[in-house]
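Structure, as structure tokens:
Lettered A, B, C and D in written order, each chain numbered from 1.
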Amino acid sequence: MFKINQLIASVLMLAITSLTYAADQKLVLTGSSTIAPLAVELGKRFEKLNPGVRVDVQSGGSSRGVSDARSGLADIGMASRALKDEEKDLKSFTIALDGIGVILHKDNPVKTLTDQQVIDIYTGKITNWRDVGGKDGRITVVNKAEGRSTLELFTHYYKLKNSDIKAQVVIGDNQQGIKTVAGNPGAIGYVSIGTAEFESGNGTPIKLLPMEGVAASVENVRNGSFPLSRPLNLVTKYVPMGLVKQFIDFTRSKEVADLVEAQYFVPLPH
Amino acid sequence: MTVIEKNVCCTPSEMSSEAFTLGPLQLGPPCCDPEPHIQIKNLSLSYADKTALSGVSLDIYRGCITALIGPSGCGKTSFLSSLNRLTDMIAGCKIKGEILVDSVNVHAANTDVQALRRRIGMIFQKPNPFPLSIRRNLEMPLKEHGIRDRYVLSHRVEKALTDVGLWDEVKDRLDSPALALSGGQQQRLCIARALVLEPEILLMDEPCSALDPLSSAVVEDLIKSLRGRYTVVIVTHNLAQARRIANYAGFFWMQERTGTLIEFGRCQQIFEAPAHQLTAAYVSGARG
Amino acid sequence: MSRSRTDQPLISVLAISAVIAAAILLLILLFLLRESWPVLNKVGILRFFTDDGWYPLEARFGLAPMLWATLAVGIGAVLVATPLGLAATLFTRFYAPRWLALPFQRMVALLAGIPSVVFGLWGLTVLVPFIAAFEPPGASLLAGILILTIMILPTIALTADAALAAVPEHYLRGSAALGFSRATTILGVLLPAAKAGITGGILLAAARALGETMAVLMVAGNVVQTPTSLFDPIRTLTANIALEMAYATGDHRASLFVSGLMLMGLVLVLAMSASRLGGGRLHG
Amino acid sequence: MDNSHQAYGQLMAWKRDHLMTLFIWLAALMVAGAFLWLLGDLLVHGATHLSWSFLVDAPENAGRAGGIGSIIVSTLLILTVAMLAAVPLGLATAVLLTEFISATSRFGRLIGMSLDVLAGVPSIVFGLFGNVFFSVYLGLGFSILSGGLTLACMALPIFINTAEAGLRAVPDEWRAGAAALGLSRGAALLHILIPAAAPALTAALLLGVGRAMAETAALIFTSGYVDRMPSSLMDSGRALSVHIYDLSMNVAGGDANAYASALILIVLLMIINGIAQSLSEKLLQRRIITA
């Protein structure tokens, strides 16, 4: 009996101490799943440099990041797009750039598509690769799920409404798009350029198409010539101060360029 | 009708011929001066949809063995279970009439059921030792009734096991599982488990019917040896057994789809000079 | 019931626990309603069935195609998994050579423990391209059904095994004594005797199939449409929530909670029919 | 005439028997094939990444490098919270349902029915609920506590049902025997019924753990995404299945570690299964020998 009492007491103690234990300062980031892995790495390095600080990153989506920053649920929101007009009351800070490129299966002989052809394919006017100079075969249109900023950017660039798109596969995150296209020689999709470059470099059977004659490459995103690129932003409600400012400044500094590149994004020019 | 001698069931010679292990008698010679221990008055018992027993009245005498005989399904087990209120466990079971133990109604609302059951032990048809060690089987009920002194515990365990003649067989393996014992040993352990609480009354529901003849004989001898120390009510289908061990006998029979007590009396009278035709037919083996 | 005084506190504690356990369901319904109320109040429940298309950002809230898709993929998986699951059980019990029976059963049990994400990953990289080679896009109702089949098959097999184990030995002996063949013994005696348990297992598996999220999301294509062929990509109600929840705000988010309510409705219907079907219970 | 009829019937029975055998062997082969394919795929892609340091190191570079030490700790903590919440509550409910109220009483039916429905609730709905109720309404945020409690709600009906079955399987003779000795119901439960049902209770626990461990959908919205070593139950902690999902769906080049993590998850499940099984067997041997 005594032993059991002791055990219960010690467990309770442990629970209480662990519940009340907290780091001195905590930063909460929520939002874009595209930025989340990068933010985790940025946070880790920041924690190392600033003992006693904790950076918690929760994955979600850009709209979520914006609304959490506004409501105060998060200290910093993450949005993988520029702020919309109705969001201009918030402050945004770009920490990296990313391009969005159209990908096909590697075995697809089609080398390039005009903007109009992409629009026709996505709206279901063209349904066979033969019509755009490829082999006879049905086109599988891979689209993103509603709410994702990649989708918003894509439709915005091609001046499409999501309800106009006739997709055969709707995907969630980036890698699902790459895996879907890699597994289907008739598929067309659009994904983050950095990761697509990495994947095709590692033998995944996909290829990036040029856009308006500009090759879809990290290099062209960096030099600004690629037309469909987006900023990866941190968003705050107020002008950053204290720890928030310290963190944002850190994420925009030269010191983290290696982390940005490790996640296949384009670091800010310095 | 034969005249029945008053002391016929327990002549002093018969008493002394028993090899008791239980020490001196605590009560006066049983049955010689019958004193009711349990009085059942107009007991009826019904389950949700059917009446199992109706209008049963009898006195059960202190220190005697009372055997209940009769065909299956005529309410003997229900009767037995109503004495220690084990019928409470059966949903929808209703009881009318009175059961007085030492003149106190056990079915009164304010009865402490657990205390009652401590006074009235019960042995079941199928030996049901708990899935614990032999020692724990006996100690656990004692502890639950507030006895924690180690010396008292081990003393009473030993006494109970000695009383049922099991001590020598198991004293070296008290901590081995009770379910590893043979059927007869298990049943004796169950009797010991009832005795260890020092009850006044023992209810036995066909205690030998699940045992082989040899074990059955051992248990029967044990039951016989309890006479005089405990008030025993035993349900049995074995008429010869009832005749061998009981002082009193009651005969149950189905009438109008419900069990009733047809006849109750001294054992010898029931078997040798039954008053009722049905009893006569049953004990002679003609019916049932 | 025997309610001696010493038992009263115990019974109170137990009753409170049971009430808490039962109240969880109520809490879930309550909070789903609370979160979906803004949009239910604004556009009404009916439009979730009548709107064409699911474009919540454009205020079009048609969930009906996803309801049909959920049902199609669930029913399809149950139809395929039931014979296979039963066969797997019968195999371990009666057909497998002795050395194989136990490993096979362990394998089925292990299959039950593999997380749905792993099934999904495998489906996305192996199964979908395989189907796409015959009939693009590959991500389809069929892929969903097949993945769900592998996932719920162990549930059916394990519950059927328990049900068969409970069939009294003398049924088998009786059948053997009559000189019945193995097939007759199984089809004529064993399966009917274990029917209640097997039905329970199938209903449980059906609930799993309807509720499965991640694996279906990864293989079924997620296009909002009423399926007309096995090769059509579909989106289930669960995938809809998982796909968009993290991104949704405002009415969009509220309408995802409506998807949740609709799923609860399906489960309620399933549980009702379970208790109708001869007291079979939905869980385990 | 009669004879040929009989012979025909026998032929048909023979045929049916063989068709059945064929079908069952085919089905077993298919099931085994799918399983081996799946497992083989996992092994081929993940086995080379398995090492001791993979087990204990923290994830690096978004999980592409490093290990899953902190993820395993978070997963086990979430499981512990879930079981600490679900087992007492579930055991109490199962005891009430088997020992104290009849399943046909109104109260019994109500509880049984709501547990039936709860058992069928999709995990994603638990995720929605857990997020709104534990994380937001109760203010627990994205935390191991939120995730564990959400999983507890999920595992509860399975646990209760299996525990119920185990308790019902305890022979009534022991109940009657205990009652006849004047034991309280509580004492009978504590000393006899619950120990006797221990193997079934362990199985119930296993089922609960299994379901909880494999869960992704309910955890993404409750215990969250943080892959750091948790220092308290209020910390957000990434569960293994969430990690696998993120690595395979969101991190380019994360596949190998995703497969390796999946292998670890399966091995963990097998270990938990094995421990629980041997525990209950030992308990069984010590206390019960069914002669």
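Just so it is clear, a contact is a pair of C-beta atoms (placed from the backbone, for glycine too) under 8 Å apart; a residue touches a chain by one contact, two chains touch by 3 or more.
Being a predicted model, the structure only gives us computed values, none of them experimental.
Novice: So, comparing each chain's Cα centre against the centre of all protein Cα atoms, which one is closest?
Specialist: If we average C-alpha coordinates per chain, D lands closest to the whole-structure average.
Novice: Could you tell me which chain lies farthest from chain C when each chain's centre is the average position of its Cα atoms?
Specialist: Most remote chain from chain C, centroid-wise, comes out as B.
Novice: What is the distance in Å between the mean C-alpha positions of chain B and chain D?
Specialist: 48
Novice: Return the distance between the CA-based centres of chain A and chain B, expressed in whole Å.
Specialist: Spacing between the chain centres: roughly 81 Å.
Novice: Using CA atom averages as chain centres, what separation in Å is found between chain A and chain C?
Specialist: A distance of 33 Å separates the two centres.
Novice: At least two partner chains per residue is the criterion; list those residues in chain B.
Specialist: Within chain B, residues 89, 91, 113-114 contact more than one other chain.
Novice: Identify all positions of chain C at which a residue touches two or more other chains, and write them in rising order.
Specialist: 1-2, 4, 6, 125, 218, 242, 246
Novice: Two-or-more-chain contact residues of chain D, please, as numbers and ranges.
Specialist: If we look for residues of chain D contacting two or more partner chains, we find 179, 184, 220, 248-249.
Novice: Quick check: in the complex, which residue numbers of chain D touch chain A?
Specialist: Touch list, chain D to chain A: 60-63, 142, 220, 224-228, 231-236, 246, 248-254.
Novice: Looking at the complex, which residues from chain A come into contact with chain D?
Specialist: Those in contact with chain D are residues 15, 18-23, 33-34, 36-38, 40-41, 44, 54, 56-59, 172-176, 178, 194-195, 198-199, 202, 262-264.
Novice: Which bits of chain C are touching chain D when the two form their complex?
Specialist: Residues in contact with chain D: 1-2, 4, 6-7, 10-11, 13-15, 17-22, 24-28, 31-32, 34-35, 83-84, 87-88, 90-91, 95-96, 104, 107-119, 121-122, 125-126, 150, 153, 181-184, 186-187, 204, 207, 210-214, 218, 238, 241-242, 245-246, 256-257, 260, 263-264, 267-268, 270-271, 274-275, 281-284.
Novice: In their shared complex, at which residues does chain A touch chain C?
Specialist: The contact residues of chain A facing chain C are 33, 59-64, 67, 137-138, 140, 142, 145-148, 161-163, 167-172, 176, 179-180, 182-187.
Novice: Can you list the chain D residues touching chain B in their complex?
Specialist: 102, 171, 173-184, 187, 191-192, 195-196, 287-291
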